[in-house]
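In structure tokens below, several structures.
You will see two complexes here that share chain A, one where it goes with chain B and one where it goes with chain C.
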Partner chain A sequence: MTELDANSAAGPLTLLFGRDVTLAVGICAMCGTTGPLGETVMYGPAPGTVLRCPQCSNVLMTIVEAPDRLLATMPGLRLLSVPTGGTS
Partner chain B sequence: MGIVSSGFTGRREADHRLPPGQYETHDFPVLSAGPTPFISLAEWTFTVVSELGARQRWSWDELMRLPQSHPEVDIHCVTRWSKFGTRWTGVSLDLLLADVETGADYAVAYSHGGYTTNLPLEDLLDGKAWIVHEFDGEPLSPSHGGPARLLVPHLYFWKSAKWIQGLRLHTVDEPGFWETAGYHNYGDPWREQRYWGD
Partner chain C sequence: MAGTAVFQRLTWLPATVADVVTETPRARTLLLAVPGWPGHRAGQHVDVRLTAPDGYQASRAYSLASAPGEGPALTVVRVEDGEVSPYLVDVASPGDRLEVRGPVGGYFVWEPAPPYRPVLLVGGGSGVVPLRAMLRHRARLGDTTPMRLLYSVRDPASVIYRDELVRQADLVTFHYTRTAPPDAPHAPGRIDRATLERTSRPAAEEPIAYVCGPTGFVEHVAALLLDLGYPAPAIRTERFG
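Up next, the complex of A and B:
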């Protein structure tokens, strides 16, 4: 099967963002479910990584790894909040 | 004279059948962008929707009553594996599209579970594409797209949509799931059209 546990998304996400963003919180544009990227349902990594909402299965994000680049979309995220370590 | 070994002959044939950047596999890897849907044959339908909204629909029994083809084809996945001589049973899209009145140049194949992929309509005609329901003489398993999938072997295999539900015909090209996510819009393995911009 290509369905992997949530933290398997850490590798492609780290490649894309340059650091661990599994604790970044996203809001599903379809159903409004709010939660960390590390708790989404992931398919892949081939032919691409697909992060789906754990509630409604909406496609939140895709990451395709070409030899020379990453191609990413966030079609189903209404918001992504990435902690920076600073204080508000 | 029998001097050339079968191994040497076999390798040369494989080289000839392998598009650039591909390797031959004897497995049949399962790749998926979402959960596997399970569709009962009683509920299964295949629908063609023209650009004007006209619909033609076939039930499972109606599909089975149509003349069946037995394509034996090489398939090529964009993840670089190729599998030679895969044997399928299904119905040619030439038959299914024969009575569809359309001026469309493009099609979007849509599947149970929400997957889509786009192709020029001409790539579905002239003996190049089928709706298949058997692999290697057995009913197509859900993990490989059963009850039925699209088979378009001259393009990378993501175009051969699993769990096919229908075709929407369009006058403009509308990228599908992987085409929107960074894969090539057309996907010819012999021109190694893998990614957007290739």
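Up next, the complex of A and C:
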């Protein structure tokens, strides 16, 4: 598996969420590190995309593209905060 | 803003290789013709999918090398045991077809906007590709945001976009890691704190840095930038390999 960063996971992430989420901020459930998904470490591309915490390597999210669906897990995210452009 | 867009449709689009530019013995730029290409921002990615005659498919993410307003272009460096890059670097020719999905990504993106913070681009090897898109974007707009590129590269023969970067000598600093030309102002080696400090605007001007390259390079540079007073949110990184 090649180690990349999550900016190169933007394709599968956009496919899953319907919008760009590389700027969305996640909190690692293992160590509490907080940061944008674009700074997480990605392993891939085959057989799927794995996003890991840059500090503790906890698996935050996995995405597998099957021919007719996406199979996603988010085992290591305590929170994912996705900006919507609205006013707070 | 792509980050606030409503639902973004993302489908594979047929693409045709329109032209090929040899950058170095190991790197080529492919200019693609993509009907329906929606345009892109400087620093964004595209996923590229190849299909073999037997139906086997492989896809990879590549940074877009061209500026917004230009057609999509990829600069690909051959990974010797790679599945996709040897085809793109050694085989693909004008008229060949592939598929692209994108543009994607809103994090490692630059566009001129208030408060026009000075920009330091630091690229290692092929990590220069998305940074070149940012430099080109600035030049095409005639934008005056302070921007400098520090390009760490193994030796003079490995420099991608040589002519274009040499023409912008006031904006671009080459840093050689293995073999430097005789007129280089430094001995070959890793980028050090003093080099970054010389290239960057002072921390008081609140510069923002975009760092792209292999993981070890990115982590080394990011740590030096933190030490120079860049707050972590002002350092955007993109790693590969």
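By our rule, the second predicted complex is superposed on the first by the 87 of 88 C-alpha atoms of A that agree within 3 Å, B and C clash if a C-alpha of one lies under 4 Å from a C-alpha of the other, contacts with A are read in each partner's own complex, and residues count from 1 in each chain.
Here, contacts are C-beta pairs under 8 Å (C-beta built on N, C-alpha and C of every residue); 3 or more make two chains touch, one makes a residue touch a chain.
In this text, all values refer to a predicted model and were calculated from it rather than measured experimentally.
Student: Return first, second, both or neither, reflecting whether A:Val50 touches chain B, chain C, both chains, or no partner chain.
Tutor: first
Student: Decide which partner touches more residues of chain A, taking chain B and chain C as the two options.
Tutor: Counted on chain A, the partner with more touching residues turns out to be C.
Student: Just to be sure I read the superposition right, which of the two partners does A:Pro36 touch: chain B = first, chain C = second, or both, or neither?
Tutor: Second partner only, chain C.
Student: Can A:Ala10 be said to touch chain B (first), chain C (second), both, or neither?
Tutor: In the superposition, A:Ala10 touches chain C alone.
Student: By the touch definition at the top of the document, which applies to A:Thr87: first (chain B), second (chain C), both, or neither?
Tutor: Once the two structures are laid over each other on A, A:Thr87 reaches no partner at all.
Student: Check the residue A:Gly18 against both partner chains and state whether it touches chain B (first), chain C (second), both, or neither.
Tutor: So A:Gly18 only meets chain C here.
Student: Considering each complex separately, which residues of chain A are in contact with chain B in the first and with chain C in the second?
Tutor: On chain A, the overlap between the chain B and chain C contacts is residues 2-3, 46.
Student: Sort out for me which residues of chain C touch chain A in the complex.
Tutor: 1-8, 10, 44-45, 47, 58-61, 101-102, 104-108, 215, 236-241
Student: For chain A, which residues count as touching chain B in their complex?
Tutor: 1-3, 43-44, 46-48, 50, 52, 57, 59, 62, 64, 66, 69, 71-73, 75
Student: Under the stated contact criterion, what part of chain A meets chain C in this complex?
Tutor: Touching chain C: residues 2-11, 13-15, 18-20, 22-23, 36-39, 41, 45-46, 83-85 of chain A.
Student: Quick one: in the complex, what on chain B touches chain A?
Tutor: 30-35, 77-79, 114, 143, 158, 178, 180-183, 194-196
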